[in-house]
Amino acid sequence: GCSSTGSFNEGDTYTVATDNSYVPFEFIEDGELVGFDIELVELIAEEANFEVEFEQMEFSGILAGMETSRYDLGIAGITITEDRAENIDFSQPYYEAGLTLAVLEGNEDIESIDDLTESTSVSTRSSSTSQSYLEDNTDADIEAYPEITEAYQALLQGHVEAVLYDVPNVEFYSQSDANGEIVRVGERLTGEDYGIAFPKDSELRDVVDEALTTLKENGRFDELYEKWFGESE
Amino acid sequence: MLESIQIAMPYLLEGLKYTLIITVVGISLGCVIGTIFGLMRTSKSKILYGIASIYIELVRGTPMLAQIFFLHFGLPQLLGINLDKMLTANIIIALNSGAYIAEIVRGGIESVDKGQMEAGRSLGFNSSQTMRYIIWPQALKLMIPPFGNQFVISLKDTSLLSAIAVGELMYQGRQVASSNVIYFDVYLIVCVMYLMITIPISLLLRRVERRLERS
Amino acid sequence: MLESIQIAMPYLLEGLKYTLIITVVGISLGCVIGTIFGLMRTSKSKILYGIASIYIELVRGTPMLAQIFFLHFGLPQLLGINLDKMLTANIIIALNSGAYIAEIVRGGIESVDKGQMEAGRSLGFNSSQTMRYIIWPQALKLMIPPFGNQFVISLKDTSLLSAIAVGELMYQGRQVASSNVIYFDVYLIVCVMYLMITIPISLLLRRVERRLERS
Amino acid sequence: MTKMIDVQNLHKSFGPNEVLKGITTSVSEKEVVCVIGPSGSGKSTFLRCLNVLEDITEGDVYIEGINLTDSTTNINELRTNVGMVFQHFNLFPHKTVLENIMMAPHIIRKTEKKEAQEKARQLLSKVGLSDKESVYPSSLSGGQKQRVAIARALAMNPKIMLFDEPTSALDPELVGDVLEVMKDLAKEGMTMVVVTHEMGFAKEVGDRVFFMDDGRIVEEGSPTDLFDHPKHERTQAFLSKVL
Amino acid sequence: MTKMIDVQNLHKSFGPNEVLKGITTSVSEKEVVCVIGPSGSGKSTFLRCLNVLEDITEGDVYIEGINLTDSTTNINELRTNVGMVFQHFNLFPHKTVLENIMMAPHIIRKTEKKEAQEKARQLLSKVGLSDKESVYPSSLSGGQKQRVAIARALAMNPKIMLFDEPTSALDPELVGDVLEVMKDLAKEGMTMVVVTHEMGFAKEVGDRVFFMDDGRIVEEGSPTDLFDHPKHERTQAFLSKVL
């Protein structure tokens, strides 16, 4: 059972809110939910001696689920931001990402974020840091889709001229599903540290944080990192 | 297309199962709610009538998607309780079908010829006996076509639950379509799967309606 | 709550504007479509009847959300053409309201007493004159209540367009709610805003209906 | 003669519209009263008040000495003593002919099913429809429906029968059978109040005729008196149009 | 005498159900024919075939020598020569009384509005309803409605008038006015076919009476012959019930 009070007991099962269309962190392959985040949480659970149960949902639902204490923890490449930290607790960072712009192969009009004008439409995902970035730093017309894959699809089909999203995801997606039809342009914008999310004042956070430290120290974290991303920098 | 079917079918069938479960459970509860509130809407008591009217207007006046988000994200924020997703799903379908079924019940009862009530009362039946033995059986028959229609509507309505990741047919379709980048094929298959349930129902209804008209 | 209103209102009002525009444009097109297909459904020609029936069954047998995804993601994938989002929005509302309005039109025409057609024909009106001068004006009157009802339904249906980021009321609500973490307040305000349009319409309809019943 | 029905200063309004404007009269046991009068004069309303199908606005109605307007009177009980036959039959379409007739005794009086059936069959044979017991009302002609409706009302052994234009929805050649059944009833001594346009029936069977106009009984008398020597000019005007 | 209506071996089926089983007869100019017979015998269907409101299954119907079943015949044109009055009036509820009457001449014959109005007013005064020209049908009594319906049919100057039980939906005291209007029409020399249960009218006004049963004209003759000395046993049986 999931304890809504945020207390921790060894051996209990905790519900993990996650995404399922965010390569390579959590996505579906051959019907299974797989990805770096998924394996990381499983490692942590093993280390800290608790069980996990995944629930897949829209990204905005994960954040809302944390804010309303609906789930025990959330992992979905969630960027740690000051705004979010007001309503959500985070573990220590476990991955450093950043945002990048992507356009269709052959588009020469947009080469950097500065080329986005009022008349450019850019798609991204609802409630993501990319959406806030676009709102705060550009005048572009933003289309925020519930799923990032739908945002890419909007680009592929010409509904929009660009997508703004997290670097690792753009790179993986453009190579895999988009067959190279989508390309990154411009430099990496802002740093993005991913953390595991918890409802405010959850006891689970310290437990997970501690396990994460252990995994980083004993090398199992690096092993996992290399499996998914190659040599760590 | 064949390949798409191969990839998508297992998920879609799983989704269909949930779609059907939620529809059937939701609409069964909706029948109970609808019967109660529908009877209240035919009641002479202004209070009962008023309560039923408020319920019906609130539900029918707001988009189901807004209700879903309100129930799933809004209420927990205020009350601190979280409803299970499947429970939310059933409540949403029950509340909505209930409001429409209430109007179907009211309509059915009001469509029974006034003379039936008078004939019953003049024989000495009291008003609840007249309702039970004379009005209700006839109203029930008139309610079959709109009820079938409501079943189709509720079935389609479950698709909105994909917004809160209830694993029904539409949700599975969205997931498969986007994770395999086969939008055309998958959404076509999804539509066909819905049609495979809705069309037979509506053909059946047409026949029932024609039979009712003749009698 | 006051603070929430302050934060959310500018966005929600912007959304409401789109909601109203899409509803009005969509349902206006829907009236044209509905009248044509509704007349086809009363036609003696099996072909016209058949075409209209297929359109109506397809639209009414599939969830609008599936249609939206099919039109927005599916068709472009196959055909390589892609529709402007607002155009998609209007097409979706027009196609759906059109199918329902077609049934309203058919129902309206069929509800006019058969004797009216006979009286017209026996005076020497040809069939299109009888339709135009005698049946249609009466049918139109009978169509007002279900049409008003359809307006409310279409208005609520626009909320589904939030799934493809059309900036109507529901979309704005979802954005504001999640970016400011005020789910309860925002979804409540969104519901109230819908109710502020739908309730007056349904009250008005109730009055029109009662007037029609009396006459 | 006992007064079966006694009406004292009966008023009935629908909202601001006064439809019965003070009716005082009585009907004795075994008497057959026919009520005639122009459309809208309140004939149906008068009849319906005798059975409390309409609430009484003012005045008193006594059935066998029991005051209908008394709040302690059990109206449902009382109605079982007063049978009513409507212009449009109002048979229960979801029940067979036999079920239509046995339903009230079975459910209200808790008569055993068998006994109720037997009684229903007797009544069906009385109205000449024994062969129709298991068909549904929709397959009967108008005249047959009305005879079943009469049998249904008789199943509760009422002491009074009220008829509201029982033949005016019937094709002319079907009227006779229904009137025949009603004449038999009258002969058996049933107390009857019949709203009707069938002057022939009124003359032959009626003990008394009421002429109603504008919510009042304008004139009453024996059929011969009233039809052949109407005193009131409104009666004369009406009869001149109808006869 | 010219034959206004000539019917040759008229058959009419609804699906497998043959309703008219071969009718051969004719109606002369200025003749008034009354059609009687039991319910379901095909009286309405016969009348409706004369106006092609029902497609004719077999046989021929000539109106003023023009064959209705001929595909070159302009049915709409022809219908303007044949007025029809229905049991349930079928007035146009969304038009005032005057508009009901002037509509057909104005739209079909393109008569000037003023002229059509004038004609309509004349007809209204003929049926005794001049004061009702600007009210809507819903506020008329049944008898008034039927008189407006007659005026409406007359507005096209038809040479033949068909009546389908014009008084059977009326309260008894309202029947007289309508029959009066019809008698006037007959006196003016209108060719009329009237399905009716009003035997008094048939006797007084009818030149000939048809008795229909089971889709055939079983017997025809002058009212006195047919009513007083019916030859056919089915006619006798019917009349014994109705008279």
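Read from first to last, the chains carry the letters A, B, C, D and E; within each, the first residue is number 1.
Convention: contacts are C-beta pairs under 8 Å (C-beta built on N, C-alpha and C of every residue); 3 or more make two chains touch, one makes a residue touch a chain.
As the structure is a prediction and not an experimental result, all values here were calculated from the model.
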Exercise. State which chains count as neighbours of chain C and simultaneously of chain E.
Key: none
Self-check item: Separation of chain D from chain A in steps, with touching chains one step apart
Solution: 2
Quiz item: Which is the least count of steps on a path of touching chains running from chain C to chain D?
Solution: 2
Quiz item: So which has more C-beta pairs touching, A-C or B-D?
Solution: B-D
Exercise. Using mean Cα positions as chain centres, tell me which chain lies farthest from chain B.
Key: E
Quiz item: From chain C, which chain is the farthest off, judged by mean CA positions?
Solution: D
Quiz item: How many Å are there between the centre of chain B and the centre of chain E, using C-alpha atoms for each centre?
Solution: 51
Practice problem: Using mean C-alpha positions as chain centres, tell me how far chain A is from chain C in Å, no decimals. | Solution: 38
Quiz item: Using CA atom averages as chain centres, what separation in Å is found between chain A and chain B?
Solution: 37
Quiz prompt | Junction residues of chain A, two or more chains touched | solution = 64, 67-68, 146, 150, 153
Quiz prompt | Junction residues of chain B - those touching two or more other chains | solution = 73, 77, 163, 174, 183
Quiz prompt | Chain-chain contacts as defined at top | solution = A-B, A-C, B-C, B-D, C-E, D-E
Quiz item: Touching chain E in the complex: which residues of chain D?
Solution: 38-39, 141, 171-176, 197, 238, 241-242
Self-check item: Residues on chain E engaged by chain C in the complex (per definition of touch)
Solution: 51, 53, 76-77, 79-80, 82-84, 86, 88, 90-94, 103-104, 107-108, 138, 149, 152-153, 156
Self-check item: Touching residues on chain A, where the partner in the complex is chain B
Solution: 4, 20-21, 27-28, 31, 55-58, 61, 64, 67-70, 146-147, 149-150, 153, 177-178
Quiz item: Quick one: in the complex, what on chain C touches chain B?
Solution: 57-58, 60-67, 69-70, 73-75, 77-78, 152, 156-157, 159-160, 162-163, 170, 173-174, 177, 182-188, 190-191, 194-195, 198-199, 202
Quiz item: Of all residues in chain B, which touch chain A in the complex?
Solution: 10-11, 73, 76-77, 80, 82, 85, 163-165, 174-175, 178-181, 183
